[in-house]
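In what follows, subunit A forms one complex with subunit B and a second complex with subunit C.
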Partner chain A sequence: MVKIKINDKIVQAHKWETVLQAAIRAGFEIPSLCYHPSLKADGSCRLCLVEINKGGKTKIETACTVPVKEGMEVKLDTAEVIKHRKNILEMLIAQVPDSPVLTELAAKDGLKDIKLAKGEDVCIKCGLCVRICKERIGADALAMQGRGPDVTFTPPFGEAPESCVGCGSCAFICPVQCIKYENNFADIKIWGKNFEKAVCSECGMPLEHTREHIELMKSRHEIIKEEEVLVCEKCSRKKTLETMKNIVDGQLTFKKMGR
Partner chain B sequence: MDKLKSPQELDSLIKELESKLNPEQKKISICQGTGCLASGADKVGKTFVDEIKKSNLDVKLIHTGCHGFCERGPLVVIHPEGIMYQKVKEKDIPEILDKTIKDGEIIKRLLYKDTQGNRYEKEQDVPFYKDQKRIVFALNGHIDPTRIQDYISNQGYGSISKILAGWKSEKVIDTIIKSGLRGRGGAGFPAGVKWQSCAEQKNSKKYVICNADEGDPGAFMDRSIMEGNPHSVIEGMLIGAFAVGADEGYIYIRNEYPLAVKRLQVALKQAHEYGLLGQNILGSGFNFEIKVNRGGGAFVCGESTALMQSIEGKVGRPRVKWQHTVKKGLWQKPTVINNVETWANIPAIINRGVDWFTSIGTGDVTDNPWGGSKGTKIFSLVGKVNNTGLVEVPMGMTLRKLVFDIGGGIKNSKKGRKFKAVQTGGPSGGCIPEKFLDNPIDFDELEKLGSMMGSGGMIVMDNRTCMVQVARYFVDFLKEESCGKCTPCREGLRGMSEILNRIVRGKGRAGDIDLLYNLATTMETTSFCNLGKTAANPVLSTLKYFMDEYKAHIDNIECPARECGDLIKFQVDKDNCTGCTLCAKNCPTEAISGERKKNHHIDQDKCVQCGVCDDVCNFNAINILSGPEINQKLGE
Partner chain C sequence: MSKTFIINPEKCTGCRTCELTCAYTHTVNNQPGISRIRAFNTKPPMERGIPIVCLQCDSAACVEVCPVGALQRNLETGAIDVDYERCINCHACYSACPFGNILIEPVNNRIAKCDKCGGEPQCVKFCPTNALEYK
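And then the complex of A and B:
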């Protein structure tokens, strides 16, 4: 563990943590749009600005990309930090004017007047969708395409993505909810593709996962067994109950269950 | 060729090839760099081969790399006298052979002529070359880049031989640190210090990379080094790899440089054949391989981490640098990355020593590698100067000497064109105005002036260059080339581009300058990589030195440089016009009418503000109006 100072509070942090992670654990609030605890830091939105004192010299850095260091002094919400954060928020809001998340962040920093020319985008280009699809789901169905202001986050060639498994993680993680996603009774619609949900092997009810998603999970994690996954919640509970009953009735012992 | 098995074998080969050189031998060196090829050097070169065969003359023909004076290509230099012919055409060749080679007679019309009408016989007397100091370019006009023997006969690979004959890596690093060599790619980080940090890493696998992703508009020095003397880069990398303990190297070069790629591949193959690359080099146990990795021409891939992403097969975008690349670089292994020109300097430093190198340049680097700028720097001198091309000059030369002596002054000075500013450092650099012309050029001085050395672009601007347009051009370039990852760079450049584009169209608003400043400071402070951090420099430096031009655009709808098409009108000066009809003949939209020997008239509805009339007029009879004077003078 290392000790760092955030504002006036001494915070204990793990050696492998970033300033952002340590600050969040210590209860501080730092606005951020591209950070997610289960993904690698990307540092693209640049909102989590903090002032770091390095041997008497202060520097503005993004908290998500700076590893903690013993004796580090971090200040949140200094005038300089707020000024730049407001500017970055203004840049984002100018392009994505109708996002409640951005409006809320802007209100917190007192940003009212948008002087930059307005666009009509819905995506803030944080890249979380691409990263979760690659790093966690393993489908790697999305990519950042184009350059500069024309950058977009889409499946390759803008077509329905071959390797998408319809898990919906991208839509779930998107901070401005701009990915169209339909979760119906028996199917999921996303990226112009229709996925049938897998069905319960006991009762035939549609499950939460698509068939493709289960196949992908199985190929990535040996521990996942099809007979355990392909059961709905209800049937799974019923099975557990039956097992418990059998134990209570003395018909089945732990030994017999093979555990 | 059998592989060379020891430094001694290489040394004796150098001596043998050197002894075969005859200083009295007649040689014709013809430039085959991209610039000269574009103006027809390919045909000139081939015709020389045919004609020499026909004539049975005892003359050696060398197809060399770039000589630097690209504007005057195709260039031909005749040795040993050093007679330089410029703009040589195929039809001139029999005459050159007949007169100059056979009889030593000079063909006057092919000699370089300066603006005063003086002609120069010898290359070394031409003002463009006279004040240059060529270290990296020393062999460019003399050797055939496709022949390793040519390089070896000029002490080539002598430095690596010297090192492998018994130097320790510490000694190599110490030499480079003491030489004060700073990275020529832009940031000016001392190369030796970088090597040392990499050498200190304990990993068994390390890499060296040559950054040849030259992307600044108008800059082509790295291309010319690789085209003209690829072996110097390879030798530099060999030395670097030996010093830090790397066994694998990459040259990351943009695919838009096909000739450089080809020359490098030929050079690598030859170096292999001679046993200068591969396993157990010169019997020393040192192994080193170089691969050429072609890039797709994204400007951002010149940034070290984006470049490494690209080599790794990923999208070329900067990544989070938890640690410096000397600790965790390519494939998370310690990596030294240097620019082409930096690598090409290394063999000369090892060969000729620290004292020689530190005698060139500024400052004192004895105890502090940051203490000065040593050696030479290649600039690509372009824009509104008479002599454009590549120049290699000692650090510390004044801008005035570079622009007015080597560059030959401002183009069209007879028409009243004057020096206004020089833009250095490429898109991330800045504009330096006239009052700093006598400042020396080195890393620290340029930074003090709000610009930077960058990779060596130097664009000269005259009084007819609008500084708002300059800023707009670079911002638009960077907007296209920004990778789009981080908000301040992506959106900041979009915002700046919008503002600058409306200012040059005469639609600027009262708060626009504050808005530009505001965007610039946030981009500088908060961008992810140096592309974004320095992207505001063209705007900041033009605002700093040419604020009045911005204000004139916004407040008076006037372009003081008379460049912005939407803000200017052309009018014939009735007192000066002689009715020569030249403007009317050249006007692309037939907007000019008038009888011979009578005043001409411009139809404002047809005029597209291209400025051709002003360019061709010999009587200063075209007035360019802007701002309130448009209404005053055209209000008829």
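And then the complex of A and C:
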């Protein structure tokens, strides 16, 4: 364990943690848009700026990318930090004017008038969608295209992606909710692609997932069995009930029923 | 060793008090429709109720299938808890559960599962016939 100081409070942090992770665990609040606990740090939104004092030198850095070090002193809300954060927020709001998340953050920091010319973009270029698809879901359907201010996060060539499985995680994780995702009764629409949901093998009702997503889950996890996955919630409860009914006498513990 | 649920189907009358208790403990607007425990009334010849709730499996499909590790076993209670900060709402656990014991809350589309109420299951406390036990 490593000892660091955050706002004059001594915090015990793991060696592998970043300043942001240690601060969140200790109960501090640092505004951030591109951080997710199960993804690698990216440092693309620049909102988690903190003042870090390492051996007498102070520096403003993004908390999500700096690993903790013994004797580090971190200050969260100095005038300098707030000034820089306001600048970044102003640029983000100028880029995406209608986002409730950004407006809320701006209100917290007391940022009122935006002097920069407002754009019409909807994406803040944080890259969470690409990272979740690649690192966690394993579909790798999205990519970063272009450079600098023109960067976009889309499927290759902006066409309907072949490897997309329609899980909808990118739309959920997007901090400004700019990915269009339609989850209807029998189909899912995302990235200009229409997915039909798989159907229950017992009752024929549409399931929660697309056939492609189930195939991906099956290839990644051995525990997933075709006959168990392709049954809807109601029918699997019914199956459990049948099994329970068949155990005739005496007490039955859930231990016996479980895997 | 952590405690576990024990159900006595011969004692269950199918009154569904457990469902109501669960709804009042876990949901904001007390909706019995999204209770994590379900009591089924079976048809003749075996006329009795059977409550079905998450079994907290030892090698659980939901834990294994979660792409972000949001489902983790709580070592104190032995229950598998959901970390909503990590959850990315892909609903993989919902499909993976072979018993259908994970549900989706229609209000916010998030998943919900039994967490043993942090070690004191309220459904057991309120069961009028002792059909549900926790020991």
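The definition used in the following text is that the second predicted complex is superposed on the first by the 245 of 259 C-alpha atoms of A that agree within 3 Å, B and C clash if a C-alpha of one lies under 4 Å from a C-alpha of the other, contacts with A are read in each partner's own complex, and residues count from 1 in each chain.
Keep in mind that, in the parts below, contacts are C-beta pairs under 8 Å (C-beta built on N, C-alpha and C of every residue); 3 or more make two chains touch, one makes a residue touch a chain.
Since the model is a prediction, treat every value here as computed from it, not as a measurement.
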Per-residue touch tally on subunit A - higher for subunit B or for subunit C: C
Partner chain(s) touched by A:Ala41 [first = subunit B, second = subunit C, both, neither]: first
Contacts of A:Asp8 with subunit B and subunit C, given as first, second, both or neither: neither
First (subunit B), second (subunit C), both or neither touched by A:Glu120: neither
Touching partner for A:Arg147 - first (subunit B), second (subunit C), both, neither: first
Shared subunit A contacts, counted only where both subunit B and subunit C touch the same residue: none
Of subunit A, residues touching subunit B in the complex: 40-47, 49, 60, 62, 65, 67, 83-84, 87-88, 91-92, 94-95, 115-117, 125, 127, 143-144, 146-151
Contacting residues of subunit C [partner subunit A, same complex]: 4-9, 38, 40, 42, 46, 50, 52-53, 55-61, 64-65, 67-70, 83, 85-86, 88-92, 94-104
Subunit B - residues contacting subunit A, complex: 298, 300, 315, 317, 320, 322, 479-488, 490-495, 498, 511, 515, 518-519, 521-522, 525-528
Residues of subunit A defined as touching subunit C within the complex: 36-38, 132, 136-138, 167-169, 172-173, 207-209, 213-214, 217, 221, 223-225, 228-229, 231-237, 239-241, 244-245, 251-255, 257-259
